[in-house]
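The structure is given below, and queries will be raised subsequently.
Residue numbering begins at 1 within each chain, and the chains themselves are lettered A, B, C and D in the order written.
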Amino acid sequence: MCCSGDDPRRVERDNKPALISRLNRIEGQVRGINRMVQEDRYCIDILTQVAAVKSALDSLAMQLLESHARGCVADAVAAGDGAAAIDELMQVVRKLR
Amino acid sequence: MCCSGDDPRRVERDNKPALISRLNRIEGQVRGINRMVQEDRYCIDILTQVAAVKSALDSLAMQLLESHARGCVADAVAAGDGAAAIDELMQVVRKLR
Amino acid sequence: MCCSGDDPRRVERDNKPALISRLNRIEGQVRGINRMVQEDRYCIDILTQVAAVKSALDSLAMQLLESHARGCVADAVAAGDGAAAIDELMQVVRKLR
Amino acid sequence: MCCSGDDPRRVERDNKPALISRLNRIEGQVRGINRMVQEDRYCIDILTQVAAVKSALDSLAMQLLESHARGCVADAVAAGDGAAAIDELMQVVRKLR
């Protein structure tokens, strides 16, 4: 569920635990890259890890974007003020490119 | 400097401290996103932070790629075995897209 | 306007002439790249043009995506079947990455 | 072969016919998108085609970039002035992102 409850800016997410564990993993991956730099590891190996973190962030972003579109945006449209919600959606789609 | 010294897989980087502090910052940003999810923050605010982390990783990757091309790849070409180094370079350019 | 009229799959666009002239320009750019290859032009010059065409396509896509979200998706949500429209929207957002 | 012959800015490519036929196809795809807009076709169908053209351009770019790295960049490094060639390479890698 997204954008439910009294404060529209608070978002109760069913998949909250899963999102948190993914973010913990991504944090660990970044720490791993840090260690590789500290250990003077080969550039290609480090860059391969950077690409993996980017791809993990991408898929997290798509999941959040989808649940936002289904929740907040759909609710806003149904409530008659979809224009602002779609503005926001498109701005973040552009930022994520 | 890149790919210097006896072990070609160890890379002494002049900008090592700067890379490490950037990675510390990125790690902090990911932790911040984690906190936003835990606090049920609005999706667009979280997605904006995810886009910022991706862009920080992108610029870190371009910096590493450039120093790798100038160091390891140029050294390999000069030593007569550039083909394998360019293979590696192109593979990681594709992964980072 | 988007997704108006009797056939929901036909889309009357106010900006149709502008879209057509942009696509004519993009077609001309691709023809230009073709000529550069035929004239054995320098790779970097050709790649710079390829990047320009990609960026023109990107901005065309964002414009179409925005008008689609405002039109078809909002209409579908208001008509009570937003889920399928949001599925479609997210699939194409992923393809355009 | 890339960057051979007397004029370093002229590039004789073994795969020239293949590149030209790919560019002809991409040109045809862009013309097809133009026709879809003229026929008021559904946004998602048009956007799917735009994504296909972008992906075709991406793969063309990677092929050109690879042959450039193997040819012009390697030749320049071997001739002792790799720095400028690697500058150029990195600039276009950034543009193509």
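FYI, a residue touches a chain if its C-beta (ideal position, glycine included) is under 8 Å from a C-beta of that chain, and two chains touch if they have at least 3 such contacts.
Because the structure is predicted, anything quoted here is derived from the model rather than measured.
S.K.: With chain centres set to the mean of the C-alpha atoms, which chain is at the far end from chain D?
M.R.: A
S.K.: Round to the nearest whole Å and give the separation of the Cα centres of chain A and chain B.
M.R.: Inter-chain centre distance comes to 20 Å.
S.K.: Please report how many Å separate the Cα centroid of chain A from that of chain D, as a whole number.
M.R.: Centre-to-centre distance between chain A and chain D: 31 Å.
S.K.: Express in whole angstrom the distance between the two chain centres, defined as the mean CA positions of chain B and chain D.
M.R.: Centres of chain B and chain D (C-alpha means) sit 24 Å apart.
S.K.: Going by the contact rule already set, what residues in chain C reach two or more other chains?
M.R.: In chain C, the residues touching two or more other chains are 58, 65, 89, 96.
S.K.: Taking chains as nodes and touches as edges, what kind of graph is this: line, ring, star, complete or other?
M.R.: Looks like a ring, each chain touching just two neighbours.
S.K.: Quick one: which chain pairs are touching?
M.R.: Here the touching pairs of chains are A-B, A-C, B-D, C-D.
S.K.: Applying the document's contact rule, which stretches of chain A touch chain B when the two form their complex?
M.R.: Against chain B, chain A makes touches at 2-3, 8-13, 16, 19-20, 23-24, 26-27, 30-31, 33-34, 37-38, 40-44, 46-48, 50-51, 53-54, 57-58, 60-61, 64-65, 67-68, 71-72, 88-89, 91-92, 95-96.
S.K.: Report the residues of chain A in contact with chain C in the complex, numbered from low to high.
M.R.: Residue list for chain A touching chain C: 58, 62, 65-66, 69-70, 73-74, 77-78, 82-83, 86, 89-90, 93-94, 97.
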